[in-house]
Each structure stands twice: as C-alpha cells, then as structure tokens.
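Structures are listed in the sections that come next.
After this come two complexes, each holding subunit A, first together with subunit B and then together with subunit C.
On to the complex of A and B.
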C-alpha cells in the first residue's frame, strides 16, 4: 500500500512482520528489544520473518538516524516521519505508529475511532474520545466473554457494510491498568511504560478466542457512546436519534472526509441498521450489566 | 423581472437537489451530504422518534 523502499534494500536480521488481519506491517528496526517486546504482545504465529518477494500493507521504520546510543529512535513510514522516541518508550510509540498507518493510509474501509466487540455475530461499536473510559470498558467486556474486534479502530467494509476485526493488544492507561488488573487478576497486561505523552501505558493481551476469530466479520447492531463520569450517581442509558448517531460517528471517523460520497453512503447504511445510545456511568459493573441486557 | 427572478430561484433549487444527498432513517431523522463541497449536516427540521431501550 505504501511505497516500499525497504523492498529494495537488504532486510536485516532484526526486521520482522506482524501479520494481523486485515493488515500486515513490515517493521524495519535495528532494535532487538522491539522485536522481543512485540513478541510478548502478539501470538508467535503472527510475528514472522519478512519475505523479500512479498508486499506488505505498511512499512514502519524504527531506527536511530545517527550513531551513538543516546540518539532517539525515529518512527516513520516511507518518507513520512511519525515521531521520535527514546528507547524506553519505543513500544507504545511503535503501537501508535501502527495505528497512525491504519488511520492515515488505508481507505478500503471506513475507519472510525471506536472499540468494537461482538456477541452472537452482532457488533457493539463504542466510539469515544480519549478519557471517556472506552478502552477500560472494552477490556472489561472482553474479559467478561465478548469477542474483541478492536479497542481502537472500527473498520466498516465499504462493499457489504460488515464490521472487520483489527485485533491488537488493548491499550490501557494510568488508573485503568491497576483497575483492570484488580478486577481480573488473570488478565495479562504486558509492556507497561511510564512517562509517555499519555502517561503510563500498558497492553492487555486479547484472549485466545479473539485472536482465533480475527478474520471473522460481524454485523453492526448497536452504537453506544460511553462517558465515564465519577460524579454520575446513577447510570444513564439514553437513546439518541440516528441522525445524531450518524454525525457523531462521522466526527469520530479518520477517513469519512476522504471517502466523501462513499463514506456518507457507507455510514448511512451502518446507521440504518443500528440502535444508538449514550451511556453515562460511574460504576463499571453497572455499565457491564446494562450493556449485557441491552445487547 | 419577476419571471426572471422566479427562473433563477428555480435553477438554484434544482441545483441544490442535484448536489445534495439526503438520508432519512427509520426514526424519521435525516442527514444531508453536499456533493459540491462535501459537507454533511443534520436536518434540524425532522423530528425523530426516540424509543426507550428494549430492556427486560
């Protein structure tokens, strides 16, 4: 998908591929530590040696530009620079770089910033800005038995309207790391990094059934806009009009504007088939119970 | 003069109809998309039917 200049140079031993569905990313890195960290986050069958004759969807380069160990890593895709980072934060910056590639360069799907979970073939989509508790709720729902499609990216197939999984480790931040671990002691949280621009970040590993069904699409059925509010005395689940839901979904989309008429038609079809609600909660157990009854 | 203005208004209206897509949902709410400038807006004159959540 991107210009793959890496195909024209020799692959080095620390290069690797993450072959998630529906995207594959070739990672060119001289950091053995990054490969080791990624191997803790993704199943071994998805972290592969690159094959020069293959074309991958994205190429991410994570390398020091100049000699010396004090130099920061530069994360970039082709000629496009994403971010610099020191070695202590290379894992979250790499994961954000992967998100950035999907959000910026793929347009065969309508991409919405949202968590997506599935039960009985039907997808619950939860779009929300940072700080709304989306990822915490998503993590808890997965650990309660929902199948994770994504905690970050709702991909809508432009041809048939199905919701396409993009299973990746669930990014948890700050308080939610301790909360999720205390609610679910068996939850596997890896690669906790402090001092990032988003605070402390760690990654919850998806459960085996989510990884195994990573190619299995779902039908959109519900859209819930969650908002965690510590002062909320009683949970509120309020229906909203489909036009309002449409506008909120469009505002949370990475490429609605790029797709223009196709985006409008695709989002319209999705909105027609869902029920939409706003959820305000303080107690996650109440929220889980309410969503379990609703869906 | 009146005829000319009327014709101009009709032209503008036809142009809007051709340039604008409208989606009306099953709760009667609707949204518009302009094919000329790619803007999307909600139809504020429609009155959607809000239904209570279907809970046991």
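On to the complex of A and C.
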C-alpha cells in the first residue's frame, strides 16, 4: 500500500527505509545507485523495504528533475527542498539531507553538534566546529575500542539527561580519509566522493558493537573540546570551568534556543555531571593516550 | 489530495486518530511538517485530551514542534517589547494583524500556529514616518529592483518587508488589508474604529469578526494558495472564535459596511462544506446574498481534488485572484512590464560582466 501510494504520487521506482534509532527515514528514490550505496553504509538489517505497520520519522525524496545541466537530483523532504546534486554526489548530499531533517525538526532531545563515544557506560562528548579534527579523533577512538554513539550529534534526553545514540556512518573529509586508513588499515571506508562543497568526503563504517548497541543510552561523564593544531608541540589538556563548558555547549547546540527553559535545565544538569577540558593536539596517538588515561 | 490526511485530522481529530494506520501517520507527519502544522495538531490533541491515544512517535514529533512554536511566541513578545517605545510615540492607532494579533489575544487559533513575520496596520498618512523610525530600530528593506519598489509603492497595500539587520525579524507594515491597485474598494476604517488597545501596550488588535474578515479577504480576493490548508483552518477557528465572542451578526453587518460580503459568504460556504461548521451555516441562512458556489468549489477542488482537477483549479484561481486585486489596465501593464524590467536587469548584469572581462 505504501509503495503504491508513493508511486502514485511521483512515479517512484525504489522505496526503502533506514531503520536507525532514534530516527528512521523513509526514502523515495529513483536512483537504484543510492539504494546500493546506502546498503554499503548501513547494516543489512537496517536497510529494508517499507513495512506497513511501522511509522517512519522522516521522509526524504531523491528525485531526478531537470534543473539546469549537471545537477539532476533533487533531495527534499516532501515539498521542502534541501539541495540539488549531480549523480556522483548523491550519497553525501543524501546523508546531509538526513542530518538536516534531524537538526531542523527534532526538538525532543537537546541536540549538540558533537561526537559522542562511550566506555563502561560513561559518555565522552566532544563538541567542536568543523575543521577542529573532531571526526578524525572520533573515528580513531572508535577504532581503538570506544563505542560510537555519534560522530555528529549528541542527543540529550530532556527527561532523564541520558545521552541517546544516533549511530550513523562516520563522515570523514579530505586528509583524514587517508590518515585514518593509514593508521588503521582494516578500517572500512566507503563511498568516497570528491569535489563536494566540503571537499572529498567518505564514510567510515561503525564497528559491529556500535551498531548492536545503537539503542543503548549512556551517562554523560566528560566533555572535551578538541582542537587539532599542527603547530602544537606539546599536547595540552586543560580543565575548563563548568560555566565556560555550559556556554560552549550552548553555542554548539542546534536547538538550545528553541528549547528555551527546557534547554537551559537540560544543559545545566548535563554540565553538573561532567568534567570539562580543552584538548589541543598535533599527534593523534598522544591525544588517544591522554583521553584513555582521562576517561 | 496531498493534504487529505491533514484535512481529515482537522475535520474530525477523534475519528482520525482512531482509524489512522501507521503508514497514514508517516504521511501525516510529513504533510504536517510541510505545512508547518505539526504543533497545531499537537495542541488540538492536547485540548481534546487525546494525546495519550496517539502513537508515542507521533506525540514526540508533536511535542518537538510545540517547543518550536513556543519559542516563536516568546520571540514575538520580545520583538513587540522592542517596538513598544517606537509605537508609543507615533500618535496613531497601530494594529497587530494575523498571527501576531491571534497570539497577543491568546486565541485558540494561535496555539502552535507558526508565523513568518509581524503584520502591523497603520494609517496611510503615517506609514512613511513609521517606516523611517523603524530604520533607527534596525529594520530596513531588502535590496529590490526599481520595478518592484515602484509596485509596492503604487499598487500594494504594504511597505516592502522590513528586516532587522541582526535578529532577522521581518515586519510587514500595512496601510490597508487589500492592494490599492484593485477596482474593489474596501473600507478599513471600521478596523481602526473598533480596535481594542492591548492592556499596557501601544498596540491594538482588531475585533474577532474583523480578524475573520481580514483572513477571508486575504484568501478569497487574492491568488495565493501555497498556504491554503493553513488559511482554511485559520478561517474555521476564527469563525468559531467570532461565534464564541457573540459577533456573528455583527460580522455580517461589518462585511456589508466594508464591502467584503462575497469574501465572507464564500468563506462561510466553504467552511460549511468542509468542516460542517454550524456558525458558517447560520451565517449563510442569515444573509440574502447567495455564495458564489463556483468560487467555493474551486477552493474545495484545490484542497481535495487530485491531479488535473486541482491543477486546473489553481490556474483558474490564479487568474481570478489577479483579476480581482488589480484593475485590468494595471494588470495588463504589470504583465508586460514585469518581464521587461526583469530582462533589462538581466541584460544589464551580462553587460557589466562582459565589461569586467
């Protein structure tokens, strides 16, 4: 029925769902290549045909339409357009589209732009702007045995303050693709796409334990603001005050302002239960070792 | 037909949630998001104590949207507070319209309702003064072509949108509720005459009946349909509010005085058909003026029709709306001059690019 109704709407050839938690997405696409690519990035039990008895959180459409030469694919949520792309960049644009849905429409959790990893039930949150080396450090930590909760979005439950996983493939860019592959030759990096607006983008597959525990929350214990700096001769891990941590977390949040007092209370509780640090590093091994000792 | 689930929900929420299948909920969430109506649905369910009867996932997305709507409402109050000192010193009535008026009055229609801008109505002879004062409060017009500026000044009922340079808030400053290019002359003096001052504020708000009239004029005398479902739901709620405030008879009198009877009667006909709204039925039987059924049917076709019929209705509505809001000679001029002005601008840019090398 679902197939039929969607076909009726836009002559769609392929529908599939990605059953990630806490948010699932129903994808309507005319690109078989997208389905194949997504199947490489997510475990087979998560990429399925739509099931009539399930409610899906978001719907993304990837349609081929004429809109000038060279960018025939339109990624949109219903009539809300996200971005146009050529066929070579459909995969990263689709992944960004999924991020866009979560960042734009979900406010049931406080969402912070951060990588999150867990060990012994305790979560390490690493908020940082793009270019700070957050994803690279996150990828390395996961490959060192930490459980990945997210490389992009720290979701804080507004009622109990727990950290909710949002496990997805880890987006790596430019130099970090080669570096991660050279440090960890067994790391599985897929769908490398050159020439995107963010440069070359590829996806590191989360390890099996991260996928398996994708519904398992963790308790926030540490917040580390990482900054990769090639000129840093000596690694520096300096504690920062809870007040500063609060403000930095708020600045890195997608929806702190939307959640108003709920955001304030949630972030206040989070800040009370963590220790916060600034990490400046040039050598990933030093950073990993320092974090391993700290946490 | 793409809005059918949403419409079914607003027509009979209880019935809808009892029969909705998971795949209908998936589509419902998508449609509600597209039309910015998720929070509104949430409050409808909350008011009817039905929240516990919908699936958790739907409730959570509703709550998410409600947080967003609440934040918008806080932002509206903040903006109005910033503007108080300006409007307190302009010595003329300043009326909030549409979403900001609904919210300032805390009407049920405002619960979960999103808005993109703050609409303010001031007398024509004060609009330039207020626009200039707003500049010193950080609000300025965006860059636009000479033709568009000319269009606003001569034929529109409002100043070009004014955007705050930092906060991004947009104010639509109106001097009328309907374009001056129209052959239809709507008397808006009753809006000012009956407006009520908000306690402790420089702003006033129109009566509920006038809010309904404004919404009906906006939908039935113009061509815009991209927010049709939201507009229809607004009209339904506003008519119920007019009834609650016992202004139904007064509404018809006011429609007559303002010369907007057909918009009001056509709106009532559509509301009676779609929502079986009893107040709308009462209005229809209380007036000698018959509704223009073809107009109402076009709206229903756009709302509920599928494929070609809805598309055809939209095209007819577009032509009808332009015919109403512009005198024919202006419409003819606009139809020819707008593309000419655009192509001249385009050619000028190409020429400049060639000259730059």
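Simple rule for what comes next: the second predicted complex is superposed on the first by the 273 of 295 C-alpha atoms of A that agree within 3 Å, B and C clash if a C-alpha of one lies under 4 Å from a C-alpha of the other, contacts with A are read in each partner's own complex, and residues count from 1 in each chain.
By our rule, a contact is a pair of C-beta atoms (placed from the backbone, for glycine too) under 8 Å apart; a residue touches a chain by one contact, two chains touch by 3 or more.
None of the values given here were measured: they were computed from a predicted structure.
Engineer: Examine A:246 and indicate which partner it touches, taking first as subunit B and second as subunit C; both and neither are also allowed.
Structural biologist: first
Engineer: By the touch definition at the top of the document, which applies to A:257: first (subunit B), second (subunit C), both, or neither?
Structural biologist: The answer is both, since A:257 touches subunit B and subunit C.
Engineer: After superposition on the shared chain, which partner residues are touched by A:135: those of subunit B (first), subunit C (second), both, or neither?
Structural biologist: Neither partner.
Engineer: After the superposition on A, what does A:107 contact: first (subunit B), second (subunit C), both or neither?
Structural biologist: Once the two structures are laid over each other on A, A:107 reaches subunit C alone.
Engineer: Kindly classify A:176 by the partners it touches after superposition: subunit B alone (first), subunit C alone (second), both, or neither?
Structural biologist: Neither subunit B nor subunit C is touched by A:176.
Engineer: Would you check which partner chain A:52 touches, where first means subunit B only, second means subunit C only, and both and neither mean what they say?
Structural biologist: Second partner only.
Engineer: After the superposition on A, what does A:294 contact: first (subunit B), second (subunit C), both or neither?
Structural biologist: A:294 sits against subunit B, while subunit C stays out of touch.
Engineer: Thinking of the overlay built on chain A, is A:193 touched by subunit B (first), by subunit C (second), by both, or by neither?
Structural biologist: neither
Engineer: Going by the contact rule set out at the top, does A:77 touch subunit B (first), subunit C (second), both, or neither?
Structural biologist: So A:77 only meets subunit C here.
Engineer: Using the superposition described at the top, list the residues of subunit A that contact subunit B and also contact subunit C.
Structural biologist: After superposing on chain A, subunit A residues 257, 260 contact both subunit B and subunit C.
Engineer: Would you mind writing out the residues of subunit A in touch with subunit C in their complex?
Structural biologist: 1-2, 5, 9, 26, 50, 52-59, 77-80, 105-108, 255, 257-260, 262
Engineer: In their shared complex, at which residues does subunit C touch subunit A?
Structural biologist: Those in contact with subunit A are residues 2, 21-23, 25-27, 29-31, 33-34, 55, 57-58, 60-61, 63-65, 67-68, 70-71, 74.
Engineer: Provide the residue numbers of subunit B that touch subunit A in the complex, in ascending order.
Structural biologist: 21, 23, 25-27, 29-31, 33, 35, 38, 40, 42-43, 46, 48, 50-56
Engineer: Inside the complex, what are the residues of subunit A that reach subunit B?
Structural biologist: Touching subunit B: residues 237, 239-244, 246-247, 250, 256-257, 260-261, 264-265, 268, 271-272, 275, 277, 290, 293-294 of subunit A.
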